[in-house]
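Following this line, the structures themselves.
Consider the two complexes below, in which chain A is the common component and chain B and chain C are the respective partners.
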Partner chain A sequence: MSAVTTPQPTVGQRLAGFGRTLISPRGAVFLLLIVLLIAITLLNPSFAEPSQFIRFVQRVAPVAIVAIGQYFVIVGGEFDLSMGSVVTAQVVIAGNLIGQDESKSLPVLLLMLVFGAVIGLINGLIVTMLKVPSFIVTLGMMLALLGAILYWTGGAATGNPADGFREIGRGGIRDLPVIDILPWSVVVLVVVLALAIWFGRRPFGRTIIALGDNPTTARYSGTRNWWVKTSTFIISSLSATVAGVLLVGYAGVHPSVGRGYEFTAITAVVLGGVVLGGGRGWVVAAAAGAFALEALFTLLNFAGVPSTYRDAVQGAIIILAVAYSATTLRARRKGRALEAPTPQISPDPSSDPATQTSPAPAEEQDAAASARPAPIPSTQRADNETKGGS
Partner chain B sequence: MSTATAPSVRRGRRRRLDASLIVGIALVGVIIIGAILVASVGRNFFSAGNIRDILTGMSVLGFVAIGQTLVILCASLDLSVPYVISLSSLIAADLMAGNPANIPLAVVTVVVVAGLIGLANGLIVTKLKVNGFIATLGTGLIIKGYLDSNYKGTSGEVPWEFQLIGATGVGPVPVSTLLMLAVAVIGAFFLARTRVGNHMFAVGGNEQVARLSGIRTARPVIVAHMLCSITAAFAGLLLASRLGVGSPTVGIQGGYDLLSIAAVVLGGTLLMGGRGSIWGTIGGVAIFAVVDNVMSVMQVNPFLKDVVRGVVIVAAVAVYTSRSLDRRRPRFGSGAAAPDRPADRSAPPSAVAHEKEASA
Partner chain C sequence: MRRRYTVASAMVGALALIALAGCTTDPNVAAPSEDAGATEEAVEWFDQELYDKQYAERSVVPEGPEGQPWLQYINAEMTDTSAYASTGAKKACFANASISNPWRTTGWITMNQQLKVLQDAGVISEMETRDAQDSDDTQIADIDYFIEEGGCDIFLISPNSTAAMTPAVERACDTGKPVVVFDRGVQTDCPVTFVHPIGGFAWGIDTAEFLIEELEPGSKVVALRVLPGVDVLEQRWAAAEKLFGENDIEAVDYFTGADPAEIKKIISDELAKGDVDGIWMDAGDGAVAAIEAFEDAGVDYPVMTGEDEMSFLRKWKETGLTGLAPVYSNFQWRTPLLAAQKIFAGEEIPKEWVLPQSPITAEEVDQYLEANEGMPDGHYAKFGGEDLPGYPQVWQDRIIP
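Right, the complex of A and B next:
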């Protein structure tokens, strides 16, 4: 905390602080990403060329966008398993409704956005109004949506939409000096990420984190919990829609496009240090998690690892990455969980919501840790120590 | 505090509906609707053949869901079960190699391997503090990688003696279902009567309170993960006995990971742990089996089956939660469960505690 309050930190202090951030759970994903990118470049120097690199970013864009959407749901304390099916549904809708008629592109695009929002609204309302666990709601939505789509198409690939529409996914601004081509998907990704950062900093975005951390305190501080939670599902379905639009161009129309995206997105988000159960996380890190995951696949490709081992390596990496961040967090908080019921708790509840809800660095929270009052009886499971474990 | 009395009276009335009982009522409802639908196409729902079909459909998912119940009670999840199932079927079929003398060896090996996988899951969850969702997703992917690299297709051969387990029955009840129910009895006994079983409820309900009460919180979680992998291995053995060979895709095709979780939740077990029962889970599995059976008899389009399945899962759990939400004691509820109890909103903490005692 001293590094923050010191008026003029020296360069050395800044570097040390930066290094600490990199090895901290919050920044670990960036370290992982940098290591992976360097490793890829060592194996295949042409990867570092701007035009190759931008292709890599283009390939990651749909996954990253889905991860950004999933981030909002997870940080709000829920799951969205229906994202993969939403991607599939949007891809199939685009393929079947647009056909070769380019004039239909815009109306169908609007329809897809509305469809995505409605799916998110249904998910969110069932979760908030009927109190069904989101895992079950979105699992049901995943089965129902995929089944409906397969029933509609008969399970086979259908025609691709007009080339003008596919251009969003595979085209770009051509003939640029350094990078040769700036794909539209990269532009879309940057816009979505910027929107997500902006949104996350607004009061509403902060409320999502507060809600994920402790719904009871969020309610006491005047949050309309049902609407905030519902909106996270709408955001995730909309981001799946955007990813679907990109994938139509990139991968074409097939009912298998988008399958497994929900788990990839959750993996990416968790790699980014976002805590399952909500209340802790950073959207940029979630996007970086998607990049790290895709970089890992690229690395395995270049390293000549058989594709069948890809899954095994992916599994090992996510366990190790999450174990690293979880045990680091735990080491920092050592002994703190048992402090809560002891009499040394200071009666200072006003500082508590701040430490709980703000996504401040862990160092700051540790300073305030001893001043943390006992958790509210009805929400003990929302306590930090139980959550530190993802 | 007149507002506090009204909900507690309402809760008192609803408390009489036990969790397993609601699942039972739902099951009876599903059976009645199913029987009417089946009768409308001129078939008999209660014919011996049809009942055998339903019970057969229950057995594999039942095994997986029993183990999954234990894991979910401990507030964890196991997404690695489909891969454990596939691996078990392959190991069993390879070791048996068509020779009945190898059956004991194969079964023991499968159980040991599955136990080790469960041990790894449990250790990762408890010692490395990785969320169960991620830990088992990871181990599942590792096993998948192993399966994909070492098996190109079906492998091994199951001797006829072992295939009988999947093929014979006592009257209309298949042996496999009897075995599954036996495991369910053992599981229910384990939860109700053993120390580790009781600790599972405690750890799942609130890990910190459990630790402060002197429970070694890691052990129940590890045991739950091991038992879950072992019951998944039983499911794999059963599938091997039905197919006659081991298959690397049999677990994934069944979608046993998500379906077993859905069955457990359908059976009234809280997804965040601490509350639930094996018999509720068996009821949830039975609901799935009946719905599937009715759809097969009525020859519903296979893709539409998924739609119906998804709707049934959500609708059933929605009905269930709306009935039982108030019954939950606050300390077992999630934070999200609190908002719809109007008394809490205005009551100071002491009043909440008092009310809690009154309702407990």
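Right, the complex of A and C next:
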């Protein structure tokens, strides 16, 4: 903190800085989101009304929460492909166990959380203890869960759970001024995001990023790698559980709820500028990635793009957005900083490559500066990887 | 370093593609489509001849035993099966496309209960089943396995897709053993019989005519479609789209993957754009989510067509909306085994066994709700297994054999 004693920047400088952040890889997702929201509003002005917009946020909440969970796994250097089927499993559990008996809501909710944590623990332990790549472990978990759901339900859910339980995902605080309704989903999303930001700034959260960046260094610096990594899987499964609770309210019970969520979440995280392979990323940008994806979906709905090639349009935009953030990132790391005209010394810590890891301002810079003097360790890590070391 | 980013970019691209595939490919319904047929003859699902045939079949009174629609047939041309007449219990081999959606699981349960009856009667000794899990390749391998080493007396085939499965079905015919195809068809007439309800065009005609009658000209209908490329589903839409176009109904269609979350988002967006007067669905899965989207937005219920799935019938009754439940006769799953019985008895059967297919109307909905009380939401009202052993427990518990 104390490092930043430079003179207060003027409004112009601030705006310029904001603009630079927007076209930087980390800001690209926000730029995309703003562009999409403006485009939607132009097509359908009523979208910008607070009561409509809050409904949009409500609908994004489950995806955003899954993306937040996936962020921790990815930034720690792994993947969790089982998230979608955890969502499905939780939705089916809620439907089958709660049924129409509202008094079972709380016990079943606790059971779901335990179930989620156990799935994450299993994933994590197999990855860390048996050294199986997470891609395979979680893929296997995905299939195992989907199979178990099919076996249990016989391909058809028994029915939606009690309305009281569904209220979490479907209802909210009504009759409010301006926004009309504050959906519980939005409240849950805000709480989850706040927790994620807070957690990311705690030493444990930093350790996850350090582990994703360079596991060897992390181990030498005294990290219990297995536990840190396992905990990221537990976080992701728990976030999938929360998303499941919201979705069972929003949509109802169906074996297809949650399908494809793992990839939507990974796409959102990557769109948010998080580097696959770990070590770099910002959880808020990951959540923004989820918003951008849903905004894109809504835009195509409003634009009336024919259903037959809507997916192609959607895919092309996603690829372009991700390619943009990848190329700007690469350009910067080569020294041709696209967004920083003064690459050598920048008072704004957010434009310093070393602080890519986190949104935390100056204190982050201090920590990063002492831990990693230059981009050199990353280069070494790349060498390690190609030799199959560590 | 550079390589790392190249790899990362490649992975991202791949993941984005998989993500999209994940959103659109529906393991729940049927097949990865008939690519072969589709690409060869520029995708045109509308077929005037077939449309006219099915249009007419809707009003034909079916022949066959009263009260047993699974044995009834429409405009049948009978075929002689005396060449296959044989005594003793026979082994049936069933190549199933999948049981990956509620409609197929319901039918599969019914089929197994029918099997028990025929086993007790000494007609069928056993039925060996291979589930292709929605894969053409797997099903071809399954059929070839049955031909080579199945020791089968009769082949029952529910094809995964039309064009891809044709050669395998022909190979099965070449064994000289009887072959029964049901549900989706194949492009050969070598099977002894092809069992199916009237078809997709009839569904589209029934539903579109209902919406056109209930709505004012110029009304807007949102069409929720499960996925592209499956002939039975495409034909439903092709017929409906034609009729909407001719009768001044504005229809927009979406692919939903039958995912209720997706359906709800689509309807919410459409409601944000403007009024929605009608909902058309090519399969009733997820109908409840569509109705709930209207509730959440606080607007009047639409005129709606779903399917004979219990979840829709229940919500229909509960909300009192103006609706129709088209039916893709689930009881057809009984017919192939009963056809086998007739074939081994040497009785003549229809060459193309067109089963009756009639929607459930507002007047009939109470009757079907009552008859299927206690059934799960994914159960289909016209499953036709009321006289089979295990009713209703087996369907209520949804025990998958």
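Things to note:
Going forward, the second predicted complex is superposed on the first by the 328 of 390 C-alpha atoms of A that agree within 3 Å, B and C clash if a C-alpha of one lies under 4 Å from a C-alpha of the other, contacts with A are read in each partner's own complex, and residues count from 1 in each chain.
Everything that follows uses one rule, which is that a contact is a pair of C-beta atoms (placed from the backbone, for glycine too) under 8 Å apart; a residue touches a chain by one contact, two chains touch by 3 or more.
Everything numeric here is computed off the predicted structure, so don't read it as measured data.
By the document's definition of touching, both partners, chain B and chain C, reach A:Ala326.
Shared-chain residue A:Gly260: touches chain C; no touch with chain B.
In the superposition on chain A, A:Thr216 contacts chain B only, with no contact to chain C.
With both structures placed on the common chain, the touch criterion links A:Gly140 to chain B but leaves chain C unconnected.
Applying the stated contact rule after C-alpha superposition, one finds that A:Ala251 touches chain C and leaves chain B untouched. With both structures placed on the common chain, the touch criterion links A:Ser103 to neither chain B nor chain C.
When the shared chain is aligned, no partner comes close enough to touch A:Thr10: not chain B, not chain C. Touched by chain B in one complex and by chain C in the other are residues 150-151, 155, 263, 266-267, 270, 276-277, 308, 310-311, 314-315, 318-319, 322-323, 326, 330, 378-379, 382, 385-386 of chain A.
Those residues of chain B whose C-beta lies close enough to touch chain A in the complex are 124-125, 128-131, 133-135, 137-146, 148-149, 206-209, 212, 258, 261-262, 265, 271-272, 301, 303-314, 317-318, 321-322, 325, 330-331, 333-340, 344-345, 349, 352-353, 356. Residues 77, 81, 126, 130-133, 135-137, 139-148, 150-151, 155, 214-216, 219, 225, 263, 266-267, 270, 276-277, 306, 308-316, 318-319, 322-323, 326-327, 330, 337-338, 341, 376-383, 385-386, 388-390 of chain A are the ones that touch chain B when the two sit in their complex.
The part of chain A that touches chain C in the complex is made up of residues 44, 46-47, 52, 55, 59, 62, 84, 150-151, 153-160, 170, 247, 250-257, 259-260, 262-264, 266-267, 270, 275-277, 294, 297-298, 301-302, 304, 307-308, 310-311, 314-315, 318-319, 322-323, 326, 329-330, 333, 378-379, 382, 385-386. Listed in rising order, the residues of chain C touching chain A in the complex are 1-5, 8-9, 11-13, 15-20, 22-24, 26-28, 99-102, 104-106, 109, 225, 228, 252-255, 257-261, 263-266, 268-270, 272-273, 285-286, 288-289, 292, 296, 311, 376-379, 398-400.
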